[in-house]
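After the structure tokens below, expect a handful of questions from me.
Chain nomenclature is as follows: A, B and C, assigned in order of appearance, with residue numbering initiated at 1 for each chain independently.
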Amino acid sequence: MRAMRTDGMRAKPAGKVDMYTAAVITVSDKGSAGEREDLAGPLVREMLESEGYEVARAVIVPDEQAVIELELMKCADELDIALVVTTGGTGFSPRDVTPEATIAVCTRMAPGIPEAMRAESMKITNRAALTRQQAGIRRETLIVNLPGSPKAARENLGAVLPALDHGLEMLRGAKRDCAADEQSKP
Amino acid sequence: MRAMRTDGMRAKPAGKVDMYTAAVITVSDKGSAGEREDLAGPLVREMLESEGYEVARAVIVPDEQAVIELELMKCADELDIALVVTTGGTGFSPRDVTPEATIAVCTRMAPGIPEAMRAESMKITNRAALTRQQAGIRRETLIVNLPGSPKAARENLGAVLPALDHGLEMLRGAKRDCAADEQSKP
Amino acid sequence: MRAMRTDGMRAKPAGKVDMYTAAVITVSDKGSAGEREDLAGPLVREMLESEGYEVARAVIVPDEQAVIELELMKCADELDIALVVTTGGTGFSPRDVTPEATIAVCTRMAPGIPEAMRAESMKITNRAALTRQQAGIRRETLIVNLPGSPKAARENLGAVLPALDHGLEMLRGAKRDCAADEQSKP
């Protein structure tokens, strides 16, 4: 049985050494109003849980920049969640402002994450060039935007998910010295 | 015969369902002073027209950030042009400030567009890493920077042009619900 | 024999037409405190010298944003060094702030450089998505961040080093007209 942790620190159940808390934030006016079923959010949750994350929060918010920012700050500052994944609001529609909310609350951006996601998606469709998602760090929380379509969200998250754990180790003060560790690698 | 529209909305001539207005802005001190023939601008115009855009404006401006910003704002705020493509001013020369002017006037950046352009150009030359072009949104106008050399401008625009139409549909309130549409795709 | 220049201008020793000054800044708390040998710095220096750069400065600074910014400004404003390469401080650790210092002192960013480095590194490890390095221009100085591990620093610099010379020619006012030159290419 996995111990539920809400402070973002790693719990260490038997046979599971890496576990961080995560939040899934679906950004959608229609989803928020109950006018559309949220398909991407549960899919992202499932992917995170399969990778060993403890999804401590899953919410749907409208495409309002101030509301998205407040939710991101709550996850980072109050709940100390390690990984916050948003889905939706990354396109060109006038209401798509998830990247702008993310930039506003992060103190350090991680441009390699959206680059890797878009590069992977570009192999499938040239429309991937239109996604505007960002990733960045606020306090000890990594925030990663995904597109809103379930298919694109799955592709995008899949492209970077295996690497995120290492980022969280660096961010959350893993005991081992990462740079020294890297130097001893082949 | 195609109906000329200047409000950025799609005209719908027979057999041509997608048409947006476009502007081509050549950024070049020498071109602006009449000391060099503008080759990139007409080439970009031709590419846009072949794709079905109505080029409603084509101008040459000097490499002055304030002048470029004013021109971009005129296209977006006054002429309501759907797609503004600039060529030139994206390199390392001290006078190359087109990306800075673009960042200054856009409220939402679209980093996937220059990423896709550079990734495509990198297949041809490693000097593509030196191009600093940006893309972003101001009101209902998408602004895309291209390098100044005709060859690089053609390569770069060709890498993203087929996808831009979909971005403009999202931006300008196409009737169909894009997210729902995406979800129903295979 | 190579003439040492400290004003960032090209010296022209026999058989060596391209030479710019460079600085190597190792960003590391432990390296700065003498608690760890700096392996990446000397490796970067060697790569730069092999490419024909005159390494006029090599220092180790702690992971303090203000200290990094001062060092970058000294290299650009006082020493007029053409190419400043940093190594370290580009990860997710709370003390990793080299990209933020770089953004703070640069007036024009060059996003294609870190994109090209990460795209190359992604072929080797998906952890490359976690590197946050930036590149940008301050006055006539190009600043390029590299990761701190010697292996990653070598891979990253190798991906862009052959192109940087052309960027510095544009930046430092090479006599030839780059755009015209490009146009005459096949």
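By definition in this document, a residue touches a chain if its C-beta (ideal position, glycine included) is under 8 Å from a C-beta of that chain, and two chains touch if they have at least 3 such contacts.
This one's a predicted model, so the numbers in the text were calculated from it and none came from an experiment.
In summary, the pair chain A and chain B forms a contact in which the copies contribute largely different residue numbers, shared numbers making up under half of all those used. Between chain A and chain C, the superposing rotation on Cα atoms measures out at 120°, rounded to the nearest 5. If you average the Cα atoms of chain A and of chain B, the two centres end up 31 Å apart. Contacts with at least two other chains are made by residues 111, 115, 119 of chain B. Residues 107-113, 115-116, 119, 137, 140, 142, 159-160, 162-164, 166-168, 170-171, 173, 178-180, 182-183, 185 of chain C are the ones touching chain B in the complex. The touching residues of chain C, when paired with chain A in their complex, are 28, 36, 39, 88, 91-94, 96-97, 99-100, 111, 114-115, 118-119, 122, 126-132, 148-152.
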